[in-house]
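The following blocks contain the structures, represented as structure tokens.
Common to both upcoming complexes is chain A, partnered first by chain B, then by chain C.
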Partner chain A sequence: MAATYSPPTLGQSLSSALAEARLRFVNISRYPGQLVLEIIIPIVFAAMPMLLGRATAGAQAGANFEANTGTANYVAFLLIGSNVFTIVSNAFWHMAYWLRFEQETGTLESIYLTPTSSVTLALGLSIYSAVRALITASVSYIAGCLVFRVNPFQGDVLLACAFIAVGLIPVYAVALLFGALVLKVKESNALIGLMQWVVSFLMGIFFPVAVLPPVVRWVALAFPPTWMTNGARSALLGVGFFFDKWYWDMGVLWAFLLFTPLFSFWVFNRVENGVKRNEGMGQF
Partner chain B sequence: MTANTTQTEILRGPAAWLSALAAMAWKELTIMVRYPVEFIASFGQVFVIVTVLTLAGLMFSKGGADNAGASSQTAGLVVYGFIIFIFLSDTLWTIGYNVRREQKQGTLEQLYLSPASKFASLLSRVAVTLVWTGLLSVCSAVLMSVLIGTLPFHNVALGAAILALALSGTFGVGFAFAALTLRVREAGQTAANFFQFVFMLLCAPFFPFSGLPDWLRVVSRLIPLSYSVDAFRSTMMGYPNGYPELAPIGVEIGIVAAFGVLMPLLGYWLYKREEDRARRKGSISDY
Partner chain C sequence: MQGEVRIDKLVKTYETRQRKGLIKSEMKLVEALKGVSLSIRPGEVFGLLGPNGAGKTTLIKCLTTLLLPTSGEAWINGYRLTKDDNAIRATVGCMLMGERGLYWKLTARENLEFFGALYHLSPRARRTRADGIIERLSLGDIADRTVETYSSGQKMKLAFAKALINDAPLLILDEPTNTLDLPSARELRAVVRELNRDGKTVIYTTHIMAEAETMCDRVAIIDRGEVLALGTVPELKASLGREEVTRIEGVISAGANEAVGRLAGVSHTALTAVNGHTQLTVVSADQRALLPRLIEALVAHNALVQKIAPEEVTLEDVFIARTGRTLAEDTAVK
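Up next is the complex of A and B:
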């Protein structure tokens, strides 16, 4: 009697994804220092331009910053940038490094022999990564504001949270796209290193994207984190939405949310099949 | 008997050690060029970091991004600090964390089974940092000076001597970090990030020490790398008013020289200790 294979049901896939997320949570619970560092890094990172600006511009720092960005509250502006950057950067690191780590340790091939699809595992990883990043970024933003003596709860906090939440799905979809690139090129560290700085540049981590040259600005606007960052900044600090009203900007993020995952799954599956056919899965 | 003696002589002595070091450094450089994406990506990364930091700093200046290229002092401050930062960062990862990478890939134990010098193995990793990071530093300095302002360029010989001593000390930090990585294993990644960010804050590579609160400046004064940053950039900037910030230049050079000579010795001693401990416990290949 031959065993027949039937694809996993939706419930089984969800269970696998949650098991993958749980595995990651158990793993990170063994390294609490990493979480503490994730809270400290965005604060230190935002402090760099802050300290340089204060030292070089002196008492004019706030006024100059307002003239260039639309708000004198440079502490919150920079902290929002560095924390959204951490969320986006985490998505890229976790997705790409997951694949690369499995490749390096020789377990990626074994994973592909299980009946669970890699996209299901990527979903579990995304759940873990998003929860982890949201918690650490929120704590980091509040702690940073308190350290630099700024009210973290000014403006429309709920709207800012909505921009971040809606933006997360397209961000993880782009990260999956990036995972496909790592599968293909196999040099995750360098690619992630470059990518996270390109992301920070395009999303306007410490400056409004309006200062970028026109062509670069258009590229930046085709990138979901740019809308997340500006949405959160506008909701909290009133620097101005791209389309003047919040719901238009939110509409663009929703368009990203519907389109990006489909496109990413398609690309990832194509690359994955190509790598499998060429027996490159276990190579690094 | 004679043949055996000759073979032993070939494997020992300074010539053999240097030959092994050269072969290992060559191996590291060969690996480096075998990953062209990494090669190009790290170049691109430096250019983007420079642009991001420059634009961030310009948001505090009158005229904002239109003001690019105007401030010579800010250029010197950031560019020379960045050079020390990039060397420290690369040293932590390529010397310190590389040991962990070998552990993960399962090749560290094999290295220990070969008769080659373990110190040469550690030192060979410096070659990549010197060649590649040196090239990156020059390129980033040129780019930054275009973006922020003409780079002040004074006392080049003394500046180069201070940089050499600072780098020697930094490599010592790398050896010590390799020792720490052998002990803490996976947490070494977190530790590398942590040290990088502590350096960014306390050693003020991207802003003047006067930007730090008084109590943090006290902590900065306890770290020799702070004096490396301050002495190097003050010398290259031609000692403008208020520089060096932490101590008179003579004192700073003394501290940097002591750091450059003693830190590699201390770092290697720590590594040797940790290596012996790992071998005794049989944990060289653990991860």
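Up next is the complex of A and C:
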């Protein structure tokens, strides 16, 4: 029988987080169609404004686009937008809907009966979600570029990857904030749906943030996905960083990375305790 | 101390929203536990007996840290509730919510190994422990099938298996035989007894009195958030004193029940539906002296009596004597 309790080591916590990630991978492996969908949807999503642009501007589409954005490669510009949107959208759905879904199926109480903290579980879920999103987004971006016959690897690919990778952590932290909100109000679909569209609009999914009205632009800059998208576009397509130099933009993302997770865990723990104080985690 | 539970004046109140039509709603305060105090000794099987809504599950959820108590204190395995919650979770094996606590898209083995990881077992320990439990509970044939393909009883068995993965000194089982067929329920009870013989303390909640009588060393009867009686089964039965129980089956109206309740010498009555009939349970001081008047009262209220029998006192009779209601009734806490 289990003897006296000693707190988990870092290795044990990491092992628990990886078990959570593995559980999700095993689960999604039983729904392979979902992964195929995640590769196709961003291409279709980007194709709509792309074809509209071609229909309205004809052979001048590239030149017109360059005049306003700094790159003639509108195909890659739109594909980056739609893929970052898919990554952000997945983060929201995986994190916030995870809580709601587990609450409804009864497994949330099961995992709360174990000594693994919600921070560890959120880490495991983020690992799973990030790996899944990065793989599907990369495949989707490359496939989209090939379909529309543009070079997917122009510009500084490594820097673009760095912007995406650093931006992912604050994105998952913001997603955890929404998880807390979902736990509180016990409503997921409408909240997550609304949030993903608001963020997609603010991050400039199909347009540069510069075209937004000034007040909206400032609000947009408060969201990490805006910096991720612009960082990746600037690194690959040279559309221009917000602060002119890449390292200042990267610095802002690092500031998000340091602050947002701490704030999110603080809020999540408060909500978690509030829920436990009232009807409990399983009440849906 | 391992396997020991001490609860001191535990209170749990919470607010719940009461819907009033489409838009209106109002908050209502629910007193789920009203100062529960009890001690569970290491190595015993302790029964929590009460109808649905009595507060058993709320008490268990407090003890397993799923709910924060409003006031009061508790020590589980020597760890203090709300202070050492991780230690409590690590040293308690819990079966709550039955089949709902499982991942249906995973196999039994995958479920057990996943929960093993959440208890911080090493990958090798998870596998060994899962294999051992699968063998002990005869789950081998279904261990590598996804849970969604299981029967309800098989899911319950796996939920029980999950409670064993951390090999805790204290097992908390909430209605573990719900939805099990008779042989499976018997098998599960045998394993619980075996685990108890191995030294594990077991908290066993049920609303089935016969199960509590056969399984538990001591029983606490809970109703409306309060412990009404606590002791060994013989002690609880003896607490009815010289009172005797008569059960009448047939078609019996509420009016007949009330009339019987007013007869001299009758301390409690309860009317329940059993297999399409109504069953009137009468607790009285002297069965023989009561019988003629009892029949008279029933006939006067047009009761159709099919069977009338004096019976041994059961735990349900103790419950009826304390509350005037049967265990079959839901007693949502007020």
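Here is the rule we go by: the second predicted complex is superposed on the first by the 276 of 284 C-alpha atoms of A that agree within 3 Å, B and C clash if a C-alpha of one lies under 4 Å from a C-alpha of the other, contacts with A are read in each partner's own complex, and residues count from 1 in each chain.
The rule we apply is simple: a residue touches a chain if its C-beta (ideal position, glycine included) is under 8 Å from a C-beta of that chain, and two chains touch if they have at least 3 such contacts.
None of the values given here were measured: they were computed from a predicted structure.
Asker: Touch test for A:Gln60: chain B only (first), chain C only (second), both, or neither?
Answerer: first
Asker: Classify the contacts of A:Thr105 with the two partner chains as first (chain B alone), second (chain C alone), both, or neither.
Answerer: Touch partners of A:Thr105: chain B and chain C.
Asker: For A:Ser15 in the superposed arrangement: first (chain B), second (chain C), both or neither?
Answerer: Only chain C is touched by A:Ser15; chain B is not.
Asker: Just chain B (first), just chain C (second), both, or neither: which does A:Arg277 touch?
Answerer: After superposition on chain A, A:Arg277 lies in contact with chain C alone.
Asker: Is A:Gly251 touching anything from chain B or chain C once the two structures are fitted on A? First, second, both or neither.
Answerer: neither
Asker: Once the shared chain is lined up, is A:Thr114 touching chain B (first), chain C (second), both, or neither of them?
Answerer: In the superposition, A:Thr114 contacts chain C only.
Asker: Common interface residues of chain A with chain B and chain C?
Answerer: 105
Asker: Where on chain B does chain A make contact in their complex?
Answerer: Interface residues on chain B, with respect to chain A: 35, 37-39, 41-42, 44-45, 48-49, 51-53, 55-62, 64-65, 71, 74, 77-78, 104-105, 186-187, 189-191, 193-194, 197, 200-201, 204, 206-208, 210-212.
Asker: Using the touch rule from the top, collect the residues of chain A that touch chain C in their complex.
Answerer: Result: residues 1-2, 5, 7-8, 12-13, 15-16, 18-20, 22-23, 26-27, 30, 105-107, 109-117, 273, 276-282 of chain A touch chain C.
Asker: If we count contacts the way the header does, which residues on chain C are in touch with chain A in the complex?
Answerer: Those in contact with chain A are residues 2, 14-16, 61, 64-68, 70, 79, 84, 86-87, 89-92, 94, 96-97, 100-106, 110, 113-115, 117-120, 122-123, 146, 162, 166-169, 198-200.
Asker: So in the complex, which bits of chain A are touching chain B?
Answerer: Touching chain B from chain A are residues 31, 33-34, 37, 40-41, 44-45, 47-49, 51-57, 60-61, 64-65, 67-69, 74, 78, 104-105, 185, 187, 189-191, 193-194, 197-198, 200-201, 205-207, 211.
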